[in-house]
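Each of the next two complexes has chain A plus one other chain: chain B in the first, chain C in the second.
This part shows the complex of A and B:
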């Protein structure tokens, strides 16, 4: 088990390196010269060259990658071209905000999805099943920026129950876990939770339905176990596949929905990416994509390890 | 007169779906005394497994319609609530299945799957239940039993898995053991070991056993009595020796003729032409009539009654003489 753990972690390292390379290259391949974003359009050629040297953009690509990588592993993602602030600091606060939003949305989506999916599977073919499946299909199909706007119109503008934008009364800097702050989280979190809820509903429904048809469930009934006892077996059998989907969904949520964060002016990674793209702010773009990708890799690793702990058949050391 | 362990009268099982109704079991009646073993023989789709599952109400709950009388150990199975059935299953009556790989939960250890049954019915603590699980593994002769408690089903061979399945079924000392083709999925050499084990355990624990199989060899090995099933009905019933030597019903004769047994080197095996009837519509007369070489006018208007030439051996065939 320990050996497996170490091996899986070692596997993750080349993946992370490859992700870093792709991040670096993507920005190089993108059309347009980042220098143009820094210097005024009418700057003399010497100034342009000077700036190019300052940022190390005159060196060959492999060298640039090496320098960038060695800084990255020390936690230095460079300075934002647009604001001059260190990327790492901005990124940390953005990730904190997105993490909060993602976890809230995942919490709502996963719990609701698991409940709806289980109900649908147990009462398959009944109107409850059809309702849950319809709900799931709607959740996956409705564009969430549109849903966000509808929610703002309904709950902020018409009913005036919840704030429409921002991450707290005092801006994003002073978050606290009280209702004054949490109410800012409600609308974006619910909006974001709809897609994972739909996907988890469908996954759980499929997995549980298949499990309930397995012979071993008949054995469990034959042993005299009641619903609760059987449910325990079904949950442990269903967990690996459901967790895999949940891990992926949490990864997508961590990417921060550019659209939802923009609709609600939520200062997370999506918001940060959005402004970095518009301002051609290369270091911010690279740093954000890299950290999110690494996060995705780490999340998949975590899911793999949990799956292994739950399902003895995967354990091959 | 004390009631027999199993008392079944006019059992009917229908599976109702939106598309069709399948009459899987049509009027089965039999009794099983304590410590007696009965073998139900029949081909796929004859209703033998469904009959067995009906004895502990294990058929899919929403689609299954049961009627008739089924009493097991004094409990009325047809009218029992699901909650009541859960108390009876595993304690009074338990079942072992054909395919031990899929019948065991893949992500729970063998020990846990035995222990939870004991904890459920006898209210033992976890430690006591684990101890009982170990005793049971030794009872079913699993080597290195202690180590096997922590094993998962996929880590055991087919034979050991089936032994573990038997250990689960016997964990609360049931009065009746139902076995649904317990050796079909196993190697020939392992089959006989499992049969010998089951026969020994039946004698030691004094259980009634009902076996379902399509393998005549298995029936001969373990049963006191044999019932042959066709199209959801018992068509012949008798002591294993009589039935093997002198089957009365043409279908039972056909089954035996299609089986290899000793002393028939050089002879050809015979086959029964045709296929069993579609059970969406129950035939009016003898269900075997369309395939029967001896069919006559009297077979068609109604299902023949049991006729018994010697006490204890009977068949539903008009050609069988009825002893006075």
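This part shows the complex of A and C:
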């Protein structure tokens, strides 16, 4: 197991390098000039060239990539071209905000999805099943930025129950776990939860339905186990497959939703990436994508380990 | 045991009407008047001295925390402002050598940290952005302001309260460049361990507001500087909270739900709803023009004056203004007729499709045999308004008179790069116009940079490679003239030539709409991108 863990961690290194390189090249290939993030649009050529030299953007691409990489291995993601702030500081704050939003959305989506999926499987073919499947289909089909706007119109503008944007009355810098702050989280978290909720509902429904037809369930019934006892066995058997899907979903949520974070002005990684993309802010783009990729890899590893712990039949060697 | 004031008053029988009045008065004296402003930027502009994010950012972290040496009159809405004394009480070019400018500094001005403004501080600020060998040189601020000071050659202290600035050539318009140069505190920089990062969090300028709190990418809280030197610009509110809300719908919803008190640039289709909720829309003439800048290079169809004029005459600007929810003004030149540089062009920019059709026919084209060309346009972005719908509307109008334009839409950042490269750049092959919307706030920005032959791209942003000896002569005369009225007269003649030659297709001017909530009692919107938040009440 330990060898497996070490090997997986070592695998993450080339993945991180490849992500960094691909991201670097994509931004270079894309039309536009990173210098636009620094100087006013109408800056004279002479000033533009001077600033390009000042920031090292005149160096050959392999050299620029090498400089960036050598800093990254020392834990320095560089400075934003647009703001001049250290990327790490902005990223830490953004990841914290996205993590909060992602966990809240995952909590809602996973719990609701599991409940709806189980109900649908147990009452297969009934109106409850159809309702749950309908919810799941709507969850994955409705554009969540549109849903976000509708919820703002309903709950913020019309009913004035919840705030329309932001991450707390004083911004995310002064977050506290009280209702005054949590209410800022409700609308973006619910909006973001609908896709994982739909996917988890469908997954749980499929897995539980399959398990309910297995011989061991018939045996359990034959042995006189009640519905609760059978459910316990089914859930335990369903957990590895459902966990794998949940892990992936949490990874997607952690990547931040550019659209939902923009609609709610939620200062997470999606909001950060959105601004960096439009400004061609190369260090922010590279740093953010690299960290998110590593996070994704780590999350998958964690899911694999949890799956093994839950089901010893799954061997990792 | 803690007792509230109300409980104490109640217990002692003082919570009666007269006492209630006393409480209200006391509360009124202590209550802080706060306004929350939803701004369209994704981040708070740089707070260390020279704001980034363009002219529109100066109202947020420029003219609030800092002052310029030469300022713009921002408290008038019914006419264009003018240059007024800022931290310099006077600025004069030496009659013996017009390249040397003497600036007398204002006595008794203190930075927020309590240190005094003097010539040393001003020279330190020039070194900060112009001399990359200076120990306190700040690359980030330099990148913002160096492009705004193209004429500046050198700077020196003459005495404790006088500085001398020298320009590269005689340039009477140089004081306009100083509007962009803001002065920050050397003492605060020293106190914070010579760190611009720390300075950005705890800045010190001489402006009417102090920065009380900064949450990057989210908000900045500005509090009234009660020791401000200029009583005319003393803030009417105690605190202004700038809240980043880059999405127009989000911003408008935030105002509707009472989360902010005013916003800039509402979502156009939400304006009726905002008005119906009791909010007030404020707009004014703004130095901006949404236009097409036509290539004048050999081979461009736009070298034919008839086609340039026809392109201008075919556009129904009133319909475009309606498309923009009424929040724009038809453009009849680079600047608005209210500008002192408008003049009296003989070619009247208007909607006259019949005349446009005749001109196109005279040039040898018709709807059946259209002139075909390609433009580089922005998909959207700051200043570009409703880019795609406007472009498509105009494309249709031109098609009807025999001009068939194919658009190549790109992101605004890409368009900026192409714009700086100029029409002759190899990437512009087949492109005969670009669609960057222009800031036109002073003679340099409105006219000189686009139409003088010494500004041909990539040196400047004369994208089209327009070369006109008479225009050059008039601009050269204007920059040599130190009589403001004469400068204005000459720039008006330049503008007349530009309009008469239809060097651009003029479409609309932005009116920079703001929506004020019911609790905002006053806001004076100047005819400029620079605005004064001290007028908020």
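The rule we apply is simple: the second predicted complex is superposed on the first by the 289 of 317 C-alpha atoms of A that agree within 3 Å, B and C clash if a C-alpha of one lies under 4 Å from a C-alpha of the other, contacts with A are read in each partner's own complex, and residues count from 1 in each chain.
We take it that contacts are C-beta pairs under 8 Å (C-beta built on N, C-alpha and C of every residue); 3 or more make two chains touch, one makes a residue touch a chain.
This structure is a prediction, so every number in the text was calculated from the model and none was measured.
Residue contacts after overlaying the shared chain place A:167 against chain C, while chain B stays out of touching range.
In the superposition on chain A, no contact is made by A:109 with either chain B or chain C. Applying the stated contact rule after C-alpha superposition, one finds that A:139 touches neither chain B nor chain C. Judged by the touch definition given at the top, the superposed model places A:216 against chain B, while chain C stays out of reach. By the touch criterion defined above, A:312 lies against chain B but remains apart from chain C after alignment on the C-alpha atoms of chain A.
Which of chain B and chain C touches more residues of chain A is settled by the count: it is C. When the two complexes are overlaid on their common chain A, residue A:270 makes contact with neither chain B nor chain C. Legend: residue contacts after superposition of the two complexes on their common chain; A:226 is shown touching chain B, with no touch to chain C.
Look at A:196: by the touch rule set out above, it reaches neither chain B nor chain C.
Residue ranges of chain A in contact with chain B, taken from their complex: 214-216, 218-226, 229, 233, 236-237, 310-313. Interface of chain A with chain C (complex): residues 31-33, 36, 38-48, 50-51, 54-55, 82-86, 90, 93-94, 149, 152-153, 156-157, 160, 163-167, 170-173, 262-265, 267, 271-272, 274-275, 278-280. On the side of chain C, the complex with chain A involves touching residues 42-43, 46, 52, 54, 132, 139-140, 142-144, 146-148, 150, 196-197, 200, 213, 215-219, 243-247, 249-250, 253-254, 256-259, 381, 410-411, 413-414, 416-417, 419-420, 436, 439, 445, 449, 457-461.
Touching chain A in their complex are the following residues of chain B: 56, 58, 83, 86-91, 94-95, 97, 99, 102-108, 116-117, 120-121, 152, 154-155, 165, 168.
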